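Provided herewith is a single structure, encoded as structure tokens, for subsequent inquiry.
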Amino acid sequence: MDLLHSYKKTRNRTVALCDTLETEDFVVQPVAFVSPPKWHLGHTTWFFETFLLKPYARHYTAFDDSYDYVFNSYYETVGARVIRTDRGNLSRPSVSDVLSYRNHVDKAMAAFLKASPSPELDSLIRLGLAHEEQHQELLLTDIKYILGNNPLFPSYGPPPPLPTPTLSYESGEFLTVKEGVYEIGFQGTGFCFDNELVRHKVYLETYAISPTLVTNAEYLEFMEAGGYTDFRYWHSDGWAWVNDHGIEAPLYWHKIDGQWQRYGWKGLVAVDPAAPVCHVSYYEAAAYAAWKHLRLPTEAEWEIAAEDFHWGLRWEWTESAYLPYPGFEKAPGAIGEYNGKFMVNQQVLRGASEATSPGHSRISYRNFFQPELRWQFTGIRLAR
Amino acid sequence: MDLLHSYKKTRNRTVALCDTLETEDFVVQPVAFVSPPKWHLGHTTWFFETFLLKPYARHYTAFDDSYDYVFNSYYETVGARVIRTDRGNLSRPSVSDVLSYRNHVDKAMAAFLKASPSPELDSLIRLGLAHEEQHQELLLTDIKYILGNNPLFPSYGPPPPLPTPTLSYESGEFLTVKEGVYEIGFQGTGFCFDNELVRHKVYLETYAISPTLVTNAEYLEFMEAGGYTDFRYWHSDGWAWVNDHGIEAPLYWHKIDGQWQRYGWKGLVAVDPAAPVCHVSYYEAAAYAAWKHLRLPTEAEWEIAAEDFHWGLRWEWTESAYLPYPGFEKAPGAIGEYNGKFMVNQQVLRGASEATSPGHSRISYRNFFQPELRWQFTGIRLAR
Amino acid sequence: MDLLHSYKKTRNRTVALCDTLETEDFVVQPVAFVSPPKWHLGHTTWFFETFLLKPYARHYTAFDDSYDYVFNSYYETVGARVIRTDRGNLSRPSVSDVLSYRNHVDKAMAAFLKASPSPELDSLIRLGLAHEEQHQELLLTDIKYILGNNPLFPSYGPPPPLPTPTLSYESGEFLTVKEGVYEIGFQGTGFCFDNELVRHKVYLETYAISPTLVTNAEYLEFMEAGGYTDFRYWHSDGWAWVNDHGIEAPLYWHKIDGQWQRYGWKGLVAVDPAAPVCHVSYYEAAAYAAWKHLRLPTEAEWEIAAEDFHWGLRWEWTESAYLPYPGFEKAPGAIGEYNGKFMVNQQVLRGASEATSPGHSRISYRNFFQPELRWQFTGIRLAR
Amino acid sequence: MDLLHSYKKTRNRTVALCDTLETEDFVVQPVAFVSPPKWHLGHTTWFFETFLLKPYARHYTAFDDSYDYVFNSYYETVGARVIRTDRGNLSRPSVSDVLSYRNHVDKAMAAFLKASPSPELDSLIRLGLAHEEQHQELLLTDIKYILGNNPLFPSYGPPPPLPTPTLSYESGEFLTVKEGVYEIGFQGTGFCFDNELVRHKVYLETYAISPTLVTNAEYLEFMEAGGYTDFRYWHSDGWAWVNDHGIEAPLYWHKIDGQWQRYGWKGLVAVDPAAPVCHVSYYEAAAYAAWKHLRLPTEAEWEIAAEDFHWGLRWEWTESAYLPYPGFEKAPGAIGEYNGKFMVNQQVLRGASEATSPGHSRISYRNFFQPELRWQFTGIRLAR
């Protein structure tokens, strides 16, 4: 029953996050890396239907066979899928159809969970819920992108039930960690993703890490010092990205009548100097660090030090590429496509953000994105 | 009052054409040349607001100043516009907002028309209505594209109130026209577009033209004879188009279990051998004609012969490029952007189609599209 | 023997045009529409080998079978061809190999011509020579592009043996032609291309045409009046072209220290105000005419009036799209690919230029290019 | 004098590598990542002129000021540069000009070196020579690409003076390395690149590594088992790369009459089953390893084990992304652009290849390329 309770709570939260949307907002896909909200609603449902109900629930009847094609994301094992960039071209299934699909699956799942599935399925169900929590965050970041790139700058309405940051962001002394052999990776008995395993030893040189995130005020200094126009601070790929796309500020920032404003949940607001900078790419994070004659921490440095500072408001770019831990093994079948196949050309982010689902994050969590992306709630922590 | 009646009738028909749509269908733009239905609803309204109400109606209050930016199409004179390919990224204004916009403008126009505007504005109002009728056809062809490219192939519902073709399409003898000096172009006192003027003389060699359109059965012969794989029938640009896009049948055709089906207003149906072929590009029309050792008519040949055959079910590709008639003059200001600036790289189509608004077509009407486009209801008439 | 003499003279001239080139200049292809000089040398030779020697010359041994693949241009009938944009990637065959190929074919052709081929082959041989003359002009324009886009601006050396223009370019009264039925198209017994046939009647309205070409001084007025930044003068496609490519002057013009210079055969020189403007696109020609409240002539207007003015220094853009004349028929086989398949999306140019081979031009000659191209020696004549 | 001797030897070898080329081969650039041979000749010369002669040699006169623009590669500090993809469009400076440039600089450098420059410049000169050795390998791989993609498959002539591999490639038992703290990075007093520093400790889990490279015969098994058509073995980016480019074999492989052949220095030859597979991307290397249920080694694993196996015939892909070592610091100025700015989106390769300059490699050497590139002499070593 605990699992059923978790199931309902997680599933309901996904729909609740869309409460203030207009039907039209569920449909569009302004760039390839954003998915339409109704696709998130359908895809998370498809996960439970495909991996739990169809193989294990007796007498389950699929809601609509064509949905397999529409809501599959990248699971090559499971069959053809709608090319990702085309999702925004699909007006059907309608939002109302997708909500019916959710109800259909939720009813079947409730019955299935009440019937006490074999304990071996527990981890698969928990994976489905963790998957849905990940999509909750993507749903929020995608909604922000859809509304924030509309020339009318519509409000999302009252902010989502997000964690209230009570953290202090007064700048502090860097924390020092002595060189030696440390252990990183998941330990314990709860849920974790395969990419957090195997827990293993690493050797770290002595390093220092900031207890606080870089603020908007600090980042503005970089901008005003010409940071975006001096190639010396940038990776070669980053410099090409800045110039090809005319980048000159974090995402969602607009200079209006000489003042920097940013698009937030309620529309355009003034940039708050004390808040941690948000929506920067890895390239920007690394360039900022270079300008300060500092660097970003590695993911191992982050994990070892994290118990000694507050984290959770921003996904923090690290200097680590996303690679398998020693002893990493892919699960067999479609579930094995979850993480391993992305282990090239991406950077690790650590922490969590104001859009992360409650209870979803942990100290060993490895988030990852391409270095140019910045529609997640990303920020900067410095090391040396 | 006559003009008011026309105004209401035309404006209401536009909305009526959308009766069977879901809200989601109003939003998407699967390719650059298709516009979202809600954009058509807004843009036709913007025309009356911008060219009639704002300059001439006393005390008119604009519905929303930002709409100027959102619903301007290509009128460079009038200010910045949303890049055409981005229209499908905009979830706002919502459909309901756009309908309110229409009501707001319709009320103001009704008052304006009742107050008897100066006769000089008549032709501008009639241009606005002709413009809306053109968008009615585009609305239908865009809806068909949106639904017809959805993997669920949803029905548009009952077909729109379209003309019932009572025409006979039995193949007949080609009609012969003797060489000599003829006159083409608009004559009379009603409304016409600037591109139909000035009526002028042309010299035509003796020619023969088919009284009927090419049927699906006839076009299938071309397909089965390998027409799409033999470069000899194709323009150089057409051959590149066929190969770059893997073209092997008209748009909306799907071979399912060995049978050709096509997407129509009610979903997928079998191809009717007796119906005139539809949704072909100029390249396909010209290749078909070359395969038959025949050719397409010029627009002058079409216009001179058209009184002697039935037309109106398909927009018929001609061998004429879209160029100004002798003595053509652009109107001053934004209205002058209507036609003249497109007079390069396009082919003329003559006739009308099942999607053309009632009363919109006439024998001197010059439609025009790029030679590769085929989402209009286009067909083929042969000449020699 | 007359044909042999013509053959040698034409073939020698092609090589002579390359006298001042470095080996490296024969190889590169800076843009897709330019071909490397060694490709022109090979392709014109391939024409005689493929269409004359292989089918008709007894005991002819091909120079190298792989050349068929390398030097075929667009003749789909004859087999696979090197994709046009890849020509600049081929360092082999070397220039010296290509010259050996020319010698091999020239010897065989000389023997073949001495043996008096059947008279039916005469027109094919003359087509081969006309084809080579066309490539002589392309060779010159491509060389100019290759050198003129090199940051070192190397000189071509002494200008090629081009016609000395003795024409007067003082501005004169427009010539008036009365309305009526006229005849255009090739007449006579000499050589012409298939696209100049059939000679036929056209009806022309009364028109006036300038006896002189637009000069650099006149074109500079347009530039200084903001012609490149005012959309009202431009076709929609032309306006997109101007903005996408940042066009603000004719090709090869550079503003250096406030002075307009142009790249010519000897390197950078000051723009001569009295010379006819050169290297403009159709879009620029049409925009200039619109700015003057005039227009470009149609090709029929040009041909009827051309006896009354000097022409031959510039290819003159006309308002006519490139379309088949009434009664036009493609030759069967590969030769039929010569002209007909290009009859869409191109504009007709009339006249000739300083780079045209001596004796190659005539009053009925129809040159054609896409409206955005301007590396030919193109100019502007006005009409109204 | 020792340095002068090294200088002459290295500089002469670069030119000697081009001995069998035709002039035309020096010019072309078939893809963006390949540079024309004459560019390599010029760019390596530009390095000595820019960083040694101009700042430190009294009375040095630049050969040609415009060369600064032409031969600068990516050194943003030093000024404008020819966009990399445009190098193949430049026929000038000619090969002969570039050789004169080399002579000019070599004479000045000889005088400069005889005059005993201050010892502080030693490392800069050695960097210039190491830089030239790197370009020698690129020169060879670029030449191979230029000739190997020519439809005539010309021979490079006698193979370059490359190391004769005397290594045994009989398959052997995997070598086991016990877990513990190890040290990697450059140590000693000779030359190394900045990216090999600082030598530092790493913790390695117990691992096993193959003493031999994967052979063509072994790789063919993967191909025949359908390795290129089964997504399960591939990274997500790798699978997209395979499908977008239709990859189905290593670079330079051609199936001719049912037999696999490869382009080598002397033209097309049969694939040798016993030779180590060459010209594979990181994606292919990783997919092969996944198919074998093994993995690639990390760069630390490679470096620790390398003393116990033969290496030097192939650049061996590792599972390590190219990242800074702890304590890495960029040099100030243009030299600082050498390595650090590429530390994102690339994979590390270890070892050396048959095209590596004699004496250039060492056990701590870190080569790096994007994961899809394969025109280097890349191969596969397995670990578990």
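A few comments on the model shown:
In this document, chain identifiers A, B, C and D correspond to the written order of the chains, with residue numbering beginning at 1 in each.
The criterion applied here is as follows: a contact is a pair of C-beta atoms (placed from the backbone, for glycine too) under 8 Å apart; a residue touches a chain by one contact, two chains touch by 3 or more.
Bear in mind that the values here come from a model prediction, so they are computed numbers and not experimental data.
The minimum number of touch steps separating subunit A from subunit C is 2. By residue number, over half of the touching pairs seen at B-C are also found at A-D, the match among C-D, A-B or A-D. Placing every chain at the mean of its C-alpha atoms, the farthest one from subunit D is found to be B. Centre-to-centre spacing of subunit A and subunit B amounts to 45 Å, using the average Cα coordinate of each chain. Distance from the subunit A centre to the subunit D centre is 36 Å, each centre being the mean of its Cα atoms.
Centre-to-centre separation between subunit B and subunit D, using Cα means, comes to 57 Å.
In subunit D, there is no position where the chain touches two or more neighbouring chains simultaneously. Touching subunit B in their complex are the following residues of subunit C: 74, 76-77, 179, 181, 200-203, 205, 207, 231-232, 234-239, 282-283, 286, 295, 319-321, 323-324, 326-327, 336, 341-345, 347, 371. If you check the complex, the residues on subunit B that touch subunit A are 22-30, 38, 66, 69-70, 82, 86, 88-95, 146-147, 149-152, 154.
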